[in-house]
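Structures incoming, each one as structure tokens.
In the two complexes below, chain A is the common chain; its partner is chain B in one and chain C in the other.
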Partner chain A sequence: MFHWLEKHPFFFALSVFVAIAFAGLVEIIPSFAQASRPLVGTTPYSTLELSGRQIYIKNSCNACHSQLIRPFKSETDRYGHYSLSGEYAYDRPFLWGSKRTGPDLMRVGNYRTTDWHENHMKDPASVVPGSIMPKYTWLYTNEADIETAYAEQLTVAQFFSVPYNTPIPMKDGSSKVIKMADSIAEANADALDEAKVIVADMKDQSIKDAVANGKIPEIVAIIAYMNSLK
Partner chain B sequence: MNKIYLWGIIVTGIMLAATGYTLVETAGGKKDLSEVLSGDIVNTLAIAGAVALVIITVFVVIKYVRQMQVDTAGGELTEDSWDDIGEYHNPIPTGWAIIFLVTMVWGMWYFIAGYPVNSYSQIGEYNEDVVAHNAKFEKEYASITGDRLIEMGESVFLAECKVCHGLSADGIDGKAADLNERIGLLTVKNVVINGSNNSLLSEGSSMPGRDGLMNANKDYAPITDAEIDAVSAYVANGMTGEGGDVFAGACASCHGVDGKGMEYVAPNIVTYDMNLLANVLNHGKKGVMGTMPAFDRLSIKQKEAVSAYIISLSKGE
Partner chain C sequence: MNKNGPLEYDYSVSKLFIMNALFVGAIGMLVGVIIAWQMAYPGLNTFLGDGLAEYTNFSRLRPLHTDSVIYGFVLSAVWATWYYVGQRVLKVSMAESKTLMLIGKLHFWIYFVSASLIVTSLLLGWTTSKEYAEFEWPIDLAITVIWLLWGASIAGLVGFRREKSLYISIWYYIATFLAIAMLHLFNNMEIPTILATSPAGETMVGAWWHSVSMYAGTNDALVQWWFGHNAVAFVFTTPIIAMIYYFLPKESGQAIYSYKLSLLSFWGLMFVYLWAGGHHLLYSTVPDWMQTMGSVFSIVLILPSWGSAINMLLTMKGEWQQVASSPLIKFMVLGSTFYMFSTLEGPIQAIKSVNAIAHFTDWIVGHVHDGVLGWVGFIVIAAIYHMSPRIFRREIYSRSLMNTQFWIQTLGVVLYFTSMWIAGITQGMMWRAHDEFGNLAYSFIDTVTVLHPYYTIRAVGGTLYLIGFLMFIYNIYKTTSARRVEEDELQNASPMGA
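Let's look at the complex of A and B:
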């Protein structure tokens, strides 16, 4: 066998490649798999949050905002604890981004509030003088697509075993269950319940009315997503 | 004279002329060279450097071209001969040899004690950074007071607070509290009607809403709409106006007769004080205007500084 390989350089090279690649995979994949397991306290997205995440992607927020805090003092002072791989366990796809035209949003839920987002998306320059972020006024009129968010929940639960409806350990020792509905109608109802909590802190009467009438404007969903980033 | 030297001089002349021309052109093309050179020492230095470079370049090139033209192989042959192809003795220059050996020693140090295997980690470097920064902060700022503290507070305010409270701390048209005054009419009225669950000064007791506020001066009758308006205006105007007796009856038992609050019972509602501001920064706040998050990530000194800055804003109110 080895004698034969020595006389056939192509197959020899191929065998060397296979041997090294195999050794590499054995070394690398387990540590990757370990590092990308969810941290204690990392939870999957609820229906409304996932819908907000889809709106975030739809509006290309990730083109200007990163979600990755590097371990530098200047960044952790501004944005909070540096990011860990396990925190992205339920991000499909992750939204690290590669460019910060605006600030990082990895932990924006810790230091911005519902009413601030409401003011800010309507007219960024009104709360951040000199901001070049455009106004996202259509978020106040478009309706969030809860059904697609529910479809994504079903998909990730089925194919990636994302733990919906199961207790997830939290940092303080308690556990938390993120609910996934059994039907589209139930998903809509759940999302509406979440939306009611959000709009309680909002001021725009038309948004409050819309939610009271069973509709969920996109702004509510994206604020739910922003608040979940911690 | 060898033809190559002649060429050297011609090329030098052309390159120097081009340098001078470029210099005159970039100066606007209206002056001659001596004027340009007398104007600024940078131009003189630049052209001196250019002349030196051109001359050295040309004559180094000439040296090697000459060497190729006239040199013949020479020196001592080694004893070995490979099919009659010989090799000259050609020892490594001493400087080279020293650098080579030093590099080898450094390489060994680098692998064994230096970067890769000696427990370097990115997070370790970050932690060292933080420790160094905190030590520096402690040394330079831990004991500052007065104007320097306020100055530091202003920079913290501009980084953390201006996003809601605005550059001039006016709350951007009611989007957040106006920090140039202690308390606004809207806020007082909202708190009197709805109560306050902020629990900023003590966990157990929160301020009741209108159902729980009785006017002691009127046999503990529940506070009326008119009284709410009066006392709100009284507090918002810095404890002046007509609501004084309502305040004495309904509010003074917790907030004090002068409104300056009581420790662990109720906050100061006349002026900002360190105690109150520290509590707001630690716990956040929720009221008629919206929700303020807690600012846990500020250090104790930074919180103190930003509190001092906010107190300085409302001086004289």
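Let's look at the complex of A and C:
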């Protein structure tokens, strides 16, 4: 049989394809049939948070930080409750990472503050002596791209039915609505409102001034995202 | 063409890919060395000044390193050998068909232009974040075109072949083509955000290259690591096996040890490899049965992997003195040994209890590098050393330089993986250590500062490997410039001066 295949390239290629495609069919299809359902209390990202998430990806934060807490005592002691599948329902892409040069960030919003991040990203070693994390100084001068974040919200709402502007059940029985704007101008205004809440806890005067003038530096957006990780 | 004479093979496409492999290889490895030193000395994140910090810091450079060595260096080398080996074992010359030649040239140039776009886009931070699939949709489309052109080249050469039976190397090239095609398409399913329209009717113009993954959360992770694991298989394993199945017998003058073993290894690898992706997701939120499958199949994977490696080593049976006398055989034999080593280490790391310590640590980085530096790098270097005298019709410039390169790079690899083993296991154990009261024994930063000496040793190892690679480039460059052109194509083992 093998000798015959080696003289018939088409059937050879077909056999190879069947051999390699088999595992994917068996492993991946069933998992997709059971769609990734959100855990109660999991909400989609707001415009500013999503913009921060894009900045997180732009700077490959996931190259050094995981967002996956494994079910071990040492990990739950350090980072909080182990990860549940439904918590990732709105993560496109997933950001589990594969290397922990720095600590896990899955629930960093539970134990770090806006003030801590503001100082830390500017000069990590001044907050955590011995840290080998680079300084992310450009986050303080670059402006966040709100329009692309809004475009992403629209895309996920239109193509994947992510529930913006609809009540989402919370753990305590109440419900919460995550707003998505109707126009680019409104999205910008909403993001600016969110940014104002963040900068109220920040010290850097130039950042405060920028937001007062209607601009959103990247640092504000990424802090909004960090704070949303719970 | 003389109909009765021997075939005149045309290596012009192969030559282009060799040049590119050398060029991008040096850049990719240099970036690797830079980020290795940055981990030991974080001040180097701003080595071009604060103004350019955004483009020189670790996190922007890391994807550039991985993608340029995988898709710039290794894929170029794979294609350089395809346009060399393909013609020779199928007994067709590229010069026989203008169409085939055009496909080959287009293949190279579209690839070359896309590679430049990739470098620029990664530096600018245009990334999907998915490891080894960071490219945004416009580049994904370009990659699809490049891949189809390679497919056309395979179909063309195979279609016109005079040798009816496909040699083992061709099996592996075909498998590489099919598997990467499948993985690339499914892992990069994404929707460009410019397709969105706001309720007010505005079209989005923000970042036009931006896209959203079709899969969310756990599903996305599953597809990504099915891709990530198997991209390794089909870029770092199958085409490299294709190379060694051709170049080792050619160089040593020995026939492949066992046809049956190559059959078993090939079909075994095809069937088993794709299951093992789950070992990247142990203890994650992926269903348990899939994690277990990932672990089990990783262990089974030792069989076909060692099958190939043993087949290679036994091909040298009775001719072991060549290892001492030929630097080229040294590269291939040590490469095969590193392949055995790496394909044993991987399955060990895939055992759940070992993975609990190894995952997220530098041990994984060490594992990747003993595979790529020791196996992939060495076989690619050997392949280019073997092809160059025949493509350029000149003897290799210096044999002693080859030997020196071999030992410097070997030392580099050994320093690299030993330091990363120690770093990884140290960190893994410190993360989980509890004191007598059941509290965590170390804060996270303790587990970082302790790694400094190992990061330094690793950076030295990487630097040595890069130095060896630069010697390699110099040797090939001098071969093409300082050696005289031979009248006939050089035959037999690689001829070399002192």
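We adopt the following convention: the second predicted complex is superposed on the first by the 195 of 230 C-alpha atoms of A that agree within 3 Å, B and C clash if a C-alpha of one lies under 4 Å from a C-alpha of the other, contacts with A are read in each partner's own complex, and residues count from 1 in each chain.
Note that a contact is a pair of C-beta atoms (placed from the backbone, for glycine too) under 8 Å apart; a residue touches a chain by one contact, two chains touch by 3 or more.
The structure displayed is predicted, hence computed values, not measured ones.
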If touched residues of chain A are counted for chain B and for chain C, the larger one: C
Which superposed partner A:F72 touches (first chain B, second chain C, both, neither): both
Partner chain(s) touched by A:V128 [first = chain B, second = chain C, both, neither]: both
Partner chain(s) touched by A:V156 [first = chain B, second = chain C, both, neither]: second
Intersection of chain A interface sets (partners chain B, chain C): 71-73, 77-78, 128-129
For the chain C and chain A complex, residues of the former touching the latter: 38-39, 42, 45-46, 50, 53-54, 57-60, 62-63, 125-131, 158-159, 164-166, 171, 174-175, 178-179, 182, 186, 191, 193-200, 202, 204-207, 210, 212-213, 215-224, 226, 230, 263, 267, 270-271, 273-275, 277-278, 280, 283-287, 290, 293, 356, 359-362, 364-365, 431-434, 439-440, 444-445, 448-449
For the chain B and chain A complex, residues of the former touching the latter: 122-123, 125-126, 129-130, 133, 159-160, 163-164, 166-167, 172-173, 175, 289-293, 295, 297
Chain A to chain B touching residues, read off their complex: 71-73, 76-78, 80, 82, 110-116, 119, 126-129, 201, 203
Chain C-touching residues of chain A, taken from the complex the two chains share: 2-3, 6-7, 9, 12-13, 16-17, 19-24, 27-28, 31-32, 35-36, 54, 57-64, 66, 68, 70-75, 77-78, 83-85, 87-103, 125, 128-138, 142, 145, 147-148, 150-152, 154-156, 158-160, 181-184, 187
